[in-house]
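Got some structures for you, see below.
Okay, so chain A shows up in both of these, paired with chain B first and chain C after.
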Partner chain A sequence: MITLYDYELSADCYQARLALAVLGLEYSRVDVEFYPGREHETEWFTELSPLQQLPVLCEEETTLYDAPAILVYLASRHDPTASWYPGGDPALAGQVTLWLGFSRALAGSAGAARLHESLGHLTDIDAARSRAHTLLRVLDEHLWFGEQEGRDWLCATDRPTIADLAAFPDVALSEEGGVSRIDYPAVRRWTDRVKRIDGFVAMSGIFPAGPVAA
Partner chain B sequence: MPTFLCTDPVVLNLWHPLAAIAETAPGRDHTTTLLEEQIAYALPPDGGARAWRQGAPQHPLPTLVRYGYLWTSLGTPPEDLFSIPEYDEPDRRNMNASTIGVHVSAPRAIENFLDMAHFPFVHTDVLGSEPHTEVVEYGVDVSAERDEVRATRCRMFQPKASASSADGAEVEYVYRVPHPYCSVLYKTSGDDPDRQDVIAVFLQPVDQEHVRAHLLLSVLDAAHEDKEIRNFQQSIFGQDKPILENQFPKRLPLDPRSETPIRADKSAVAYRRWLSGKGITYGVIPAGR
Partner chain C sequence: MTSIQPGRAWHPVASSGDAVVRHVFQGRLLGRELAVWRADDGYVNVWENRCLHRGVRLSIAVNDGRELKCQYHGWRYSNRTAECTYIPAHPADAPARTICNRTFAVVERHGLVWTTLELDRPEDLPVLPDDGRPLALRPITVAAPAAQVVDALRSYDAGEDLRLAAEAELLLRFDRGTAPGLTILVQPSDATTSVVRGVLHGVAVVDRDRPPLDLLRLHNRALNRVRARVESDLGPLQAEQQEPELELLSEELAELPPLSRPGRSASLRVRVERKWPAGADVAGFALAPLAGHLPAAQPGAHVDVHLPNGCVRQYSVVNAPGEGDRYVLGVKREPDSQGGSSCLHDVVREGDVLAVSEPRNNFPLRRDAEHTLLVAGGIGATPLLAMAQTLAHHGLDHELHYFAQTEDHLAFRDRLATLGGSVRRHLGLDVAATKARLGEILAGYAPGRQVYLCGPGPMIEAAREVAAQCGWPVEKVHFEYFKNAQEIDKESSFEVALARSCLTVKVLAGQTILEAVREAGVAMPSSCEQGACGTCLARVIEGEPIHQDVYLNDAEKASGEAIMTCVSRSASPRLVLDL
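Now for the complex of A and B:
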């Protein structure tokens, strides 16, 4: 049985919910109130997650508290096609890891700007937004060139990977931190493609894709 | 009289919320922004509450502790705040669901709070669902004596009206707007169909296009933990947030010709007229400009 320690409005928790959904996995949810309860700072939660990070995923003997680690674990363990995490292909495994790292940079910039705007977390808001725009420019260029080559996803494969699931939440929520995506058309097309992945689930602040234009 | 960046006397003389008491550590100073001014506030360990403009602690601002929040004013506020008698009923669960910053003007946020037509589309399968999208005829009146807008007999089929509802039900709402930047809604309680849950939004105007939205819950729910009740409302509010932040223009236009209302917007029309009658200029685009 899989248990997810989860907070609805957290972009990192949403990465895990998204992975569980597209993999079609059942799980039980334990609500950890990040705000206002600050439950992630309690003693019981710190025992599970020493850095007081959400989400935490437990299955049998495994306990993981870092969103990319959870995605790698879930895909490696529960995807027999090995398409979500193509760990056996050195080049693809490298690319996935690169974009998982990129997703942490998004969390530290676009995600930090969102927490600043909505919950008043202290951060250098101008620096966070500027860094987020740098990342979105790189992402947009990468996706635009991909489209020219017939590639829809972040990695060089015809199927989405956990890299797409990891990068999506902080991109899709960026406007809440005052980081507009208006200048990144390839990013907007990619977020629409992610929303059409089989099993996709939305979260508060992210709406499902509309009907495909006829 | 000190000078302020906000020059709207009506708004300066209102009570404004600063923070939830439950989220304010006593005995130390906190700061927040109200009407573009940096305001410091504290809950002294021996009780009471203090607020002052940053850098001017020798000139205390008026304070009030009401409904679980600390309120202040930059002008001469009325003696008391609007009343919510239900708040004092002994079996109510009173709590701040969240204080969340939103890039929107306070009046636009009030209008969204009053609007039921968006429920099936924004809160799909929670506060509404297709095909139950019609906003049936409801009543709106502006009470001169109480100086508030009130919308009554608002009905909507809701698949999951609250943390305590098991099944879908037709739910009846009453909305009050007793303050230009605050609204109180009453909806059929999931626990007791003869009584009503109270959900209020108190908007702290940070500037003309930013608010901190304080969400008060005063509900009848014997079964759920506080955090479950808050989590439900936080999820709802999280769905509203991108809608609020994409309103254009951000300030609410008060000229009746500037936006085209439909029948379901009756309460919004009354609210805009009420604001115009008060001569409010902050957070709005006044008529005739």
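Now for the complex of A and C:
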């Protein structure tokens, strides 16, 4: 049985919920009150997650506390088609890892700006926003040329990967941190595509996409 | 330096490729945010980026291919005209025509979507060299005012042999030799942001599906270099924010409405674009606007058609949601035609111009039912077809039961075919068999169900009777008659007080309330003027009406709170109306 230590409004936790949903996995949730209760700083939680990071995923003997690690683990263990994490293909595995790293940079900028605005974690807000825009420019260019090449997703494959799931939350929630996506049209189209992945689930602040054309 | 004065009226606001179907592009021009979306029929809409209800951005709305649905309270806006077509919080009401979002003119040309914020400027779209398929470069947003961006672009160098050859406001053209090579347009997004949009000319595109990526990357790199230079030269921007000019409410909406001329008006001119046999004895008409857009028709709506012979007739609009480029009507030839259907069948031809009213919806469709039954008899299918197409498009559970003499008598079979399995045909049934079949269809009333009836009078009577026997409450049974076959008694005489207008008028024998009210100078809309369509309804404050219409249901009639002023009269010597 999979257990997810989860906070509803966390973008990192949402990455894990997205992965569990698209993989069609059942799991039980343990609510950790990040804000305002700061439950992630308690002794019992620090034992589980030494860096006091959410989410934490437990399955049998495995306990993981880092969102990209959880995504890699879930896809490797539970996706027999190996399309969500194409670890056997060196080039693709490299690309996935690249974008997982990019998603951490998004968490440290767009995500940090959001935590500053709404969840009481103060940061240098101007620097965070400026860094977020730098990343979104790169992402938009990558996705725009992808569209020209007939590629819908972050990695060069015709199926979405965990890279898309990892990058999506902090992008789709960026406006809560005062980072507008108006200047990134290719990013906006990509978020619509992610929302149309089979099994996609929304969270507070993320609206579902409409029906696809027949 | 800090503010951009609008000069040239037309600006590109998106690439054609930005406006993909089932997506809403978020744009910006001169400080004003825009929601740009392509409907499934290919039309690109450029609207003010806000819902009229609570101001939520429509760039996060759902583009369902025909309408935009706001994510907040589900208000729906129609393709082309941006009229609100449905408000979920008021499921039984047809939204007023004045609930209409702001739209901007659109032209799609040279691989770009162009718009203008200035309504009174004539079209002065920049003319670009048009040499087959233009190739739009990746748009580059620059955090700098448009004038600075244009300055920096004069020395644009992509390593190709391009030379600045012509310049106009926010436009630079580079030639290769004597042939046009590249046009760069700078979109003034707001006081501190611009978008550089390039269009390459004369590119030999071998494969339509494989754009010349090397060329696109080359220019993308060069434009990125320009951006880096402009932004580093400028440093952090201190410019004042540009506020879009927000116009005041139009005079028409702010003032009391002018006294209108009495009688039925036909504000639209349409051309008969197509006339075709849409079923046995049924002529289909597609009516296209002479200019501009037609007001959206909600499902259940009808228009008055003013005929060359002076007759005015009501026909339901068959259109599906978002089908805004024409009105589709179905006209059955009536053997005892008084001049309406025979004129449309025999006289009116393709190319003719007709006057029609704006669509009016007195037969609105609720979209909150768990299951909707639509029961059509003969040409009564027309409003129900519009409803069925709407329910099908929204994925709402429904059945369309269509009673007709033969398969040939089914109208608009092409549209029926698109509805698939929700259509049930009931062919060649006599009166008794029809009634028995209605009993089967209406059996098993459950809360959450609604039924809509339209067809010949006796059939609606029978269906209402059967529905009552099956336990349907009257408010769940909606109906629309083609005409009022009752004998209208006009012999009485009484007084009508108009509470809002502070007037008392005398209704004489032989005169209708509607006529007396209009004679006193009070404007009152009307359409069929025989008690069938519901347009001239007035609320009764005091007094006892004698109902002679077929629009109100029994409960509404018994409550005495509303009256159809074109046919009904008063049992009390005085009637006080909310007019």
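Here is the rule we go by: the second predicted complex is superposed on the first by the 211 of 214 C-alpha atoms of A that agree within 3 Å, B and C clash if a C-alpha of one lies under 4 Å from a C-alpha of the other, contacts with A are read in each partner's own complex, and residues count from 1 in each chain.
Note that in this section a residue touches a chain if its C-beta (ideal position, glycine included) is under 8 Å from a C-beta of that chain, and two chains touch if they have at least 3 such contacts.
These numbers were taken from a predicted model, which means no experiment stands behind them.
Once chain A of one complex is fitted onto chain A of the other, the partner contacts of A:Val201 are absent, as it touches neither chain B nor chain C. Contacts of A:Ala209 after superposition: chain C is touched, whereas chain B is not reached.
Of the two partner chains placed by the overlay, only chain B lies in contact with A:Glu117; chain C stays clear of it. Of the two partner chains placed by superposition, only chain C is touched by A:Arg189; chain B is not.
Legend: residue contacts after superposition of the two complexes on their common chain; A:Arg181 is shown touching chain C, with no touch to chain B. Once chain A of one complex is fitted onto chain A of the other, the partner contacts of A:Phe145 are limited to chain C, with no touch recorded for chain B.
Touch criterion not met for A:Val30: it reaches neither chain B nor chain C. Chain A residues in contact with chain B (one complex) as well as with chain C (other complex) are 207. Within the complex formed with chain B, the residues of chain A that make contact are 8-9, 31, 33, 35-37, 39, 117-120, 175-176, 178, 203-205, 207.
On chain A, the positions that touch chain C within their shared complex are 141, 144-145, 147-150, 181-183, 185, 188-189, 192, 207-213. By the touch rule above, chain C contacts chain A in their complex via residues 14, 17-18, 20-23, 25-28, 33, 40, 59-60, 62-65, 69, 71, 138-139, 141, 193, 195, 209, 211, 213, 216-217, 220, 395.
Of all residues in chain B, only 20, 22-23, 96, 98-103, 212, 226-228, 230-231, 234-239, 241-242, 245 touch chain A in the complex they form.
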